[in-house]
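What follows is a pair of complexes built around chain A, which joins chain B in one and chain C in the other.
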Partner chain A sequence: MSFFKDAGHLFRFVGIFVLLFIIFLVARGYVVPKSFGQYGHYRGAAMGEIAAHPLHFAGHQACETCHVDVQDVKKNGKHAHVNCEACHGPLAKHADDPASMTPTKPDTATLCVRCHAASAARPKNFPQVQAEEHSTGLPCETCHQPHSPAMTAGGAK
Partner chain B sequence: MKITRRQMLVLLPAAAIAWEHVLAGTPEASPNYTMSEHWWSMLIDIPKCIGCGNCVRACQEENEVPDGFFRTWVERYHVSDEDMTNPVVISPNGGKDGFPPVAKEDAGKYFFVPKLCNHCVDSPCTQVCPVGATFVTPDGVVLVDQKYCLGCAYCVQACPYGCRYIHPQKEVADKCTLCYHRITKGLTTACCEACPTGARQLVDLKNPNDPIHEFLKTHAVQILKPQMATGAKVFYNELDGSVR
Partner chain C sequence: MSGVEGYMYPNEVTLYWSVLIVLYPYITGLVAGAFILASLERVFNVTAVKPTYRLALLTALSFLIVAPLPLQFHLGHPERSPEMYFTPHSTSAMAMFGYVYLWYLMAVLTFEIWLDYRREIVLMSQTSKGLMRVIYKVMTLGSSNISPRALHIDERVSWVVTLVGIPSAFLLHGYVGFIFGSIKANPWWSSPLMPVVFIFSAMVSGIACVMVLYMAVTKLRGKKIDMRCVDTIGMYLFYTFIIDFSLEMLDLIHRIYEADESFRSLDFMVHTKLYFSQIVVQIGLGTVTPLLLLALTQMVRLPEIVRKRMYVVAGALTLIGIFAMRWNVVIGGQLFSKSFLGYTTYKMALVTKEGLLVAVGLTLLPLAILWVLVKLLPPWTDERAPEGAAAD
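On to the complex of A and B.
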């Protein structure tokens, strides 16, 4: 029994360690977020937070629910596969509540040349013009209907 | 109001359960979305890119990217006939405001290369994060947990494609999320939505009906820096050998 009598100070020591370990576990439980490790070594809830960011671009599906007339003009033209917001800009606000925000009409003088200004770096088969020679300063929409830009007999349609 | 010992014993576990809900964070924002059914990536069709910069503008507007920083950008390559291995690459303001005109006397070829995070499977950036703030999601997107990020910038150095930056106001790592807030709702990314020629296409490799499967079979498709073994999954169609 003399062994246990002398070992009393060791038990107190072990007791302190056990207590500190319990404090560590409790503190860790509070500090580490619950979703950490749900899918891997990261906070699983972060994905939900990122997925909850607000939209700025509504997506062409949203535009087409109302603007069927524009869709009809576009669908047979060269711009059939150009999404609305490629030219009109991000309009999720307008799609959510059309009354709250009215989009401004893009200025064709600056808009069209973004894509159609002649450049040797652009693919050869892509329609390009030297704006000054091509239009002599007239706005593009004088002759071209932006939603279906091909020239037709009798001018812009 | 006096709380008895008995009431206290009942209240404490209730408070603990409530606190667990706080710690668990916000619930999944897209209830109809199953992560295990998707494996996202992107296809860049180089011959279709006209360098209009729509993707760069759209990305900055959609994700509120600060001026002078880019989650996606467009580079213009000029490869001269004499020196094929040393192309001249420019990307003024990320290609956001277009590109300077090409001088008539400059021989050689020109083309545009849009760049973005490659959402690598074995991404070097997630491996170096000391706190688990950046990760590959179960649906194949590399994301940053900005609440957890310390801003140490290890990942910025580790990315071989230069796709990360430290956000000047938030002081944490920031990068392309592949518009995670859009693709989980069934929309395409902002850059793909704004691309007028279809040069950028969102790809879901786990969707058997995605046209990417047929495209990969029938085209010469490459990834950037394959020698880095990053498992990059942004596919480039007809990529020139001088691009790096």
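On to the complex of A and C.
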């Protein structure tokens, strides 16, 4: 038994380890949310919280129920697959109650270059321009109809 | 755009890993290297380096305490960092590093230092006064058993701890290299050699650091430098450095021969933006020069005073060279575009959270901690307190 007597201090050190580990486990029990790991490596309850957020986007189907004329122009043009709210912004409120909110018309002088300003990072066959040279500051819609922007048949008038 | 040449993707223009991320592997490397030096005496019975054994352990602990601080300063939300421990993800190299760090801090370094100093701690808890007495009492953990058998058990356990500590030290710094080496999107980093190069450069920097510290502190104390000890450390530094340099050259030759799609871009960077820090400082000043100096001390019989000066210069240059190596890895890896068509510039801030002043502060902080530790636990073998002697 003298070994345990002479090695007693080692057990004290190990005891500190065990104590710290228990403190860690207790702290972990308090800190880690109960729903953590329910579905994956994240807080399960976050799903419900995110789902409860109010909707901001209405979706293009909602727009198309009223704006059939725009849809007719758009569906044959190059922007057929660009969602309405990609340019007009989130409009769920307008879709819910059109009278409660009137969307502001986007300024094409600043809007179009978000996608069409020349950049080496964009695919070569994607239409892109040096805006200062191309339009000298004029809004793009002066020549292009934004819902169907090509200059050829079926495009702008 | 100022500082940008050619084409950079938008997310590449600003460097997100700053000088503090350079400091992190540098400090961790010093820890691992200092511990490996300490293990030379304990496990491999290189008795000549005994005067530096305790100093090496205390140095390793001082730097280890500071090692996570550069990361904390780098984080936007440092208060979230404990989450890495609470909910670790098995695919996160950083989360696993956190556990390796804690293991190394608690199970290896603190335990080994405590075992090695236990006799002195117990003696000083009986002879010192006031607050120091309380501190030493706490450090004894309530056990004042320093019987020959208890000390013998300590000796054996300490040997095992050091033995476990060697792979732990390799793991600690290998992990830092792994974190960089496993980033497959970055050709400057992505290399299985990275952890190995990091381990050997860590050993080089840690050995050089303890050698310079030992010489400086002994000089400051007005004691005589043990030349047998310094010569032996110099020899080990030389051999480790040769392995480290060979591995780095192997990596370089492999890159040149392989010459993959990134090579022209990286080669251009080494000849322009990284020329000073890599070719001049890291290779010329920080590797070839100390290697030549150390080779001279091995091959030519030189007077003691000349050897001392050569060791100090070689050690200091080595520390600068290894820092430059970390700089070139961390900063160099962010200067070029993944498009291989452009380069950006790193402009170090001065007084920001990740600026130069914080970096200098974090470099000096381990030395301040070491000063406190040395006061608390004197590592000197030449004036080991005799039993019952007053410690303060």
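Please note the rule applied: the second predicted complex is superposed on the first by the 104 of 157 C-alpha atoms of A that agree within 3 Å, B and C clash if a C-alpha of one lies under 4 Å from a C-alpha of the other, contacts with A are read in each partner's own complex, and residues count from 1 in each chain.
By our rule, a residue touches a chain if its C-beta (ideal position, glycine included) is under 8 Å from a C-beta of that chain, and two chains touch if they have at least 3 such contacts.
Source: prediction; values computed, not measured.
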Which superposed partner A:R28 touches (first chain B, second chain C, both, neither): second
Partner chain in contact with A:K105 - chain B first, chain C second, else both or neither: neither
First (chain B), second (chain C), both or neither touched by A:F17: second
Touched chain A residues, chain B compared with chain C: B
Touching partner for A:K75 - first (chain B), second (chain C), both, neither: neither
Which of chain B and chain C A:H9 touches, first, second, both or neither: second
Which superposed partner A:P90 touches (first chain B, second chain C, both, neither): first
Residues of chain A contacting chain B in one complex and chain C in the other: 36, 41, 120-121
Chain A-touching residues of chain B, taken from the complex the two chains share: 20, 23-30, 33, 35, 47-54, 58, 61-63, 76, 78, 98-99, 101-102, 106, 110-112, 132-138, 143, 145, 147-148, 177, 180-182, 184-185, 187-188, 190, 193-198
In the complex, chain C residues that touch chain A: 7, 9-10, 82, 85-87, 89, 106-107, 111, 114, 118, 140-143, 145, 147, 149-150, 153-154, 157, 339, 341
Of chain A, residues touching chain B in the complex: 30, 33-36, 39-43, 45-57, 59-61, 79, 81-83, 85-87, 89-90, 114-115, 117, 119-123, 126
Chain A residues touching chain C - in the complex, by the definition given at the top: 2-3, 5-10, 12-13, 16-17, 20, 24, 27-28, 31-32, 36-37, 41, 120-121
